[in-house]
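Data block below; observations after.
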């Protein structure tokens, strides 16, 4: 696989709304060439015929493992946004890679491809030990079923781990009279607040405070194509990361 | 009482930190003249001798009623930030005014003189019926004892009343899986979230959402002198409002 | 025209993207009945046959006047988001209404139907005289041709007028060493800053400051359907506003 | 110098407002011991007598070099917030350290000790290459003389350098009709906007945008003690950084 020319990309799940956004993103990128659009009933063999170097998979938990086995076996690297990866599934992927004889093949599996969200989480971990106080507020449309969002919980856990690593104690909080729920949900000692608001999409704000100052890191997703730039980073750099990588942050050289 | 020249102002509680901020504010105002600074053990008679037209009272619940009786009896108008006014106390003040023979005397009692906070509450009431969703997030230093703040609760109640007045139903919220407290405290159907953060002072954010848009009204108090401009509005306009007025918003012609 | 049942609504320009959003909005509203969808080559007579009470016009400057003449003549009220209304055109509309013999007919013409934007402008006018400082920051996608946005300029003009009305002088600003453009554009003494940012849609922030505090009013449009709720307010209330009304704010009872 | 017990700290410029904030910060820190407060006319010899291990210098450009020469010569490490360091002065400090015979002595000179500001700058550099658009908005009190602030210019330069390093081209901006100054000041292709607002202290916001999303990093300084936590980080870690270090970011292990 050489990289003098443009990278040949195939999209799996190309018929879905998410897949279409990936298709458009690849088409608009001068250094990428869209060579295959695969939907539910299409033959994966078309990927090989088209000389695909990297596929992007936004399909379904029931389909993704077959897709990965086929692609890895044919030396095609995989950028995967499909959910449902258990530790067992990840082990299976590692085995397929090891057994494939294609030592350069890379698989990137990430729960979140929105770069702004990934950076928010990373910066939050970096900042955590310098501030006495840290809380997370997330904002979503009112059709969301869970509160707080998985991303917000994950962010709070990252902050909590960084605080423990720096031997910081509990956050200061003199509250002794409170309406139920006012102080938010407690995630490992970090308060998380969830706002549900018609019109909003997905937004996360991490706030840190110390003497006389605060630091706020905020991420806004305005529409459902916000994962595309992160997918393109994955496609472009996967040849540098052979083997299995979980999480886009590894690709961001932070 | 004419208003051709500057208004003669007395400050009660002048020895305290809050009182000192009022003293400085009056001194810096070209149209006001500071004629008396009264502290705990000083004789109120000095107010009369100095020709005081308006007093500002930031003293204590145990002292304020005596101060008001004296001032009203002497035809001196009163701008009052001291807390602890029950309906009984307000009735007493009305009686003193009616019995004083000074029909122009005004008393303004307000729980919050920060104009930005008063406007936030007013605008929230005005906006409420145009948006499906409304929530309040307040931010304070971690030494605060109550959560949410009284101002935030009051704001949420105002929003809830405006929604009821417009026959709006419950806010949309599909949450069916939630960590305890994540969705905040429920105040008459309006969610209120309280953040406690070292370095912060007092901040309130009201967020409204409807299709494709949101409206945010945010108030930041950066230091403890933020009540001064509101007090000065009270002092300047009290001659237009004879009798008892509760709440600075009446003075703002909104 | 009685209002015991649902209001019968026709949409002009129903084939366009904006018109389609109106069509969906009317369909989703329990108290409104969509009785006609008119596109470029359709006969306006269908509006009368369907018993239309109110039309919504998002067509083109070249088409809107004929549409209005027809509807007014037939006693159909009009909610109009089409642009290009000169004083002469407004006069023509007034004449048609006066001559129509339908004294209850209403025409609402508004440059902006996003309620959050309309409220931001109104609240900015109300707040202006209480704060020494006021600036406007607007944020749009980078394909926008003008900077600042018309809405931001209009907001700044409203603030400036309110300040003049309250005899406030210039805003405090000690800057004596500045990079070109750092302090923004000057609109009647109010600084306006325009940010252009991939991913953003249309957002406006008005900031006011006085001693120890600030007040921020922020409007976010997340997608291009944000005008729909304002159009529906127009449709629902137009029977209360016979004659010509310019600007949605009149309908908001602020 | 052992670190089993508390570190012995001397404060130079202890009589000034800034120095007093440092004095209080050291006193409140359980792991630090305040052993000397030196003001303008005091003898530096007292530092040696008190066994000072680290001094904090917030004095004046005219005094700081003598202070550094004395402390370095006596093996006392120096945390320096005083301004006015030219390349020549920095070279002089390096020479004094090399010649002192105290190889463990450290000198930390930083233009900004507010950790939230230092992190904002660092995170901005890290994030820059992932976003098509980047702008900076800073907010200060209206008595500030320069616009934009030095910190904002420095932040923009860091973003511009990161963009160049990633071979990113110009930012997208279709503006072709603009009021003078609306689009801000241009710092190496990064737009910077300066707001001046009564009541505010010092605030900086860096905004990044890419498809469907934005990332905002915001720093708020609420009062003039916001540099204290950064100074304490310096004092606590200077024994790990022998020689001259410029900029607090080196101490933050980012």
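Letters A, B, C and D mark the chains as written, and numbering starts fresh at 1 in each.
By definition in this document, contacts are C-beta pairs under 8 Å (C-beta built on N, C-alpha and C of every residue); 3 or more make two chains touch, one makes a residue touch a chain.
Composition by chain, UniProt nomenclature: A, B, C, D = 4-hydroxy-tetrahydrodipicolinate reductase.
Just so we're clear, the structure is a prediction, and the values are computed from it rather than from any experiment.
The greatest centre-to-centre gap from subunit A, using C-alpha centroids, is found for B. The interface at C-D recurs elsewhere; of B-D, A-B or B-C, the pair that shares more than half of its residue-numbered contact pairs is A-B. Computed from the mean C-alpha positions, the centre of subunit A lies at a distance of 39 Å from the centre of subunit C. Distance between chain centres (mean CA atoms), subunit A to subunit D: 34 Å. For the pair subunit A and subunit B, the distance between mean C-alpha positions equals 46 Å. With touch defined as above, residues shared between interfaces to two or more other chains in subunit A number as follows: 131, 199-200, 208, 210-214, 220, 222-223, 226.
The touching residues of subunit C, counted against subunit D in their complex, run 131-133, 135, 137, 139, 142-148, 153, 171-187, 191-200, 207-214. Interface residues of subunit B facing subunit C in the complex, by the touch rule stated above, are 25, 114-117, 119-120, 123, 126-127, 130-131, 208, 210-226, 228-229, 233, 252, 254.
Contacts from subunit A toward subunit C in the complex involve residues 199-201, 220, 222-223, 226.
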